[in-house]
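The structure under discussion appears below in the form of structure tokens.
By written order: A, B, C and D. Residues from 1 in each chain.
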Amino acid sequence: MKVVLRIALGIIAAIGGFVDIGDLVFNTQAGAQFGYTLMWAVPIGVVGIGVYAEMSGRVAAVTKRPVFDVIRMRMGLSSGLVVLVASLFVNLLTLSAEIGGVAIVLQLFFDAPFTLFALLGALGLITIIWFTPFEGIERLFGYGGLTLFVFVAAALHEQPDWHAVGHGVVPEAPSSTLYWYFAVGLIAAALMPYEVYFYSSGGVEEGWTPKDLLVNRLNAIVGYGIGGVLSLGLMVAAAQLFEPAGVEPDHLGTVALLAQIPYGETGLVLALLGMLFAIGGAAVDASFAAAYSIAQFAGWEWGKYRRPSGAPRFTCAWLLFFALGLAILMTGIDPLDLTEYSVVLSVVALPLTYLPVLLIARDRTFMGDYANGQIARVLGWLYFVILVVVALAAIPLLLATNAGGG
Amino acid sequence: MDDRFDLVYRLLDEQIVDVDGRRCGRVDDIELVGAPGEPLRIGGLLTGRGTYAARIPRPFRGLARTLFGADVRGATVQRVPWPEVEDVRATVSLYGRAVDLALGRDDRELQRPFQRLPGG
Amino acid sequence: MSTDVIKLSHLLELAVQDESGRSLGHVHDVRVHRAGEDYVVEGLIIGRRGLFVRLGWRRAPDPAPVSPHDILAWGDVLAIEDDRLIVRNAR
Amino acid sequence: MRRLLVLGAFCVVIAGCGPLSRSELTRGVETLSAVAAESQLVADGVAQDRTRSTYARVQARTLADDAAHEAEKLADATVEPGFEKQRDRAVVLAGRLDDTVGSLETYPGDERVGANVHDELMSIADDLDRLTQRLGQAG
């Protein structure tokens, strides 16, 4: 019984931890612009992150190797270094965008200058990370993010047009570049690679063994699957409340209106709280993902299971990334622009980190009986192809649509 | 460890872990002792950022030396003699402690300021 | 016994030629086996499919050769120069 | 790198100074319509006391800034000949939008102000729609 409870708690944390500023922005904008017609893109992204996370979690449990360990061993030093620099760059943009998101939500609660809240938000997150053990961090932000289900409730409350929803499961044939830009953005937002670096390193932190493979599978399939429902909730609610009114949600605060309209102040507060925890959690994950990447690549001691002084270079790395993320925000760049760039550039770098994991997951030398089975093999390669296509399409679409500006 | 294995596939770029389970560098290069016409054996493992330049395509080596430092034994590169290697599996485990092999020195130096902080 | 030191990084991706200057590809890996306390090099894995070998693509679970003629016995290596490795002509 | 920056700056200058085409003008008016639509939702929340005043204030300020920004953009640009009148009209409406949403920022907790702002926004939105239609018919 205790085991079941533990598994359930882990899954719940995975659900709440699924959404970040990129999901909030892209799903809401997609619903407001294109109604239900882009719904098909969400499951593509969600299954993709599930496949990637399941494989990297399995590799972590069986071989004790998190993602960047695998990248270093499989790609070697020089190619690995290129992948490292590319991932750190998009990671930094993501972290900066998430800190900015935290600052915006705090601003919506308390109305004070953005820069002040960016600073306070970052300091608050650093303090939480410093004193809280790994599992605590995961749970705190994961559970807090669950109030985002208010958006799913809002979507259902408004009685969606199920017929139109049904049409959303297939792409629209004659569609604009903007439509495809949003399709790529939605897939990319679900597939943010920092989540996987964090997830697989977390598996090693928690000392996973092959006995934990069921937990891993449930986290990846059920946790991320239900997390995807949150994304769809945002899109469907925006399709009902924003598209007919002609609202273009260009601000993070606009997202919260989706809950305020049906549920008033309670809905608003729940939405803002959920956003605060989800985005704050993503900031923590992104900063850790960066530190994990460097430490694993260079072979430093790493991990939250040690005290900050037990893995000092790792500690320095995540502190430094918080500082750099803040510095980017201080230039006055709009966090939502940062979000778009970080999401789209992430997907460009994604195949580079995905391939080494796929290659290890299928390799019986390292994985023994836990190597990719039939389903994982087919899905694994299918997603490699999808990722390459999406990665190749991303940059031209970004330029052609002026970053979604139309 | 296996009786026969391939260096790049199984040993190069792997994580080195000391007897206390502390991660203390990666196998950044391997020293082979011998010459053509006579046996060539593994002499030791090299680890540290000073090895990076030699691992990178020639045109970028100058840049790498600027970024990561040149190969200075005892400073940017540490040598682990092969007899110190206990096993090669998921990680490369050592018989001894990192401190005795001068590995992970930067981590130890940075440790003190953090230890003074609450919760550190 | 010689105390010359050859770094693995020097061997990797080194061009391989035979005595008559014919190119045989590049060095992708080095195979060793146990000999008492030591591990000694038995051969070099060479060929043109470098990337695939490196990524662990065409690898059997055991270190079975990629393909028999892509393994070059260490005894056949005549000299290691700065930018190439010279091997005995194939008989 | 420096050459890229210069090139980038050059593009910005060109884009900022070239005459605004009809489609760009239409796009500007559509942006104003979107701001008006969102502002109505915020004003609704204030009118029915279904929001928090900090949220309404910050959101109203952001939207008013958007309207002001769009007004400046339109006012500074030269437009294709024949569209000056529509452009001037758009600038006037953007200014009205800025002022109206601005009063929401000042009184985010006042239900009466919320209701008034909402009505005023409806009329601005109607005017913007008419302007879009005229831009669609012209040319």
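General remarks:
Everything below uses one rule, namely that contacts are C-beta pairs under 8 Å (C-beta built on N, C-alpha and C of every residue); 3 or more make two chains touch, one makes a residue touch a chain.
Worth saying up front: this structure is predicted, and the values here are computed from it rather than measured.
Interface comparison, B-C versus A-D: the higher number of contacting C-beta pairs is recorded for B-C.
A summary of chain positions shows that the Cα centroid lying nearest the centre of all protein Cα atoms is that of chain A.
Each chain gets one centre point, the mean of its Cα atoms, and the points for chain B and chain D are 60 Å apart. Centre to centre, using the average C-alpha position, chain A and chain C are separated by 43 Å. Centroid to centroid, with C-alpha atoms defining each point, chain B and chain C lie 22 Å apart. Centre-to-centre separation between chain A and chain D, using Cα means, comes to 32 Å.
Within chain A, the positions touching two or more other chains are listed as 76.
Across the assembly, chain B contributes 8, 12, 55 as residues in contact with two or more other chains.
Residue positions of chain C with contacts to 2 or more other chains are 54, 56, 59. Every residue of chain A that touches chain D in the complex is listed here, in rising order: 107-111, 241, 245-251, 253-254, 256-257, 260-261, 264-265, 268-269, 272, 406. Residues 8, 12-16, 22-26, 28, 47, 49, 52, 55-57, 60, 90-91, 104, 106-107, 110-112, 114-115, 117, 119-120 of chain B are the ones touching chain A in the complex.
Listed in rising order, the residues of chain C touching chain B in the complex are 1-12, 28-35, 37-42, 45, 54, 56, 59, 63, 74, 77-80. If you check the complex, the residues on chain B that touch chain C are 2-9, 12, 29-43, 46, 51, 54-55, 82-83. Considering their complex, residues 63-65, 69, 72-73, 76-78, 80-81, 130-131, 295-302, 307-313, 315-316, 366 of chain A touch chain B.
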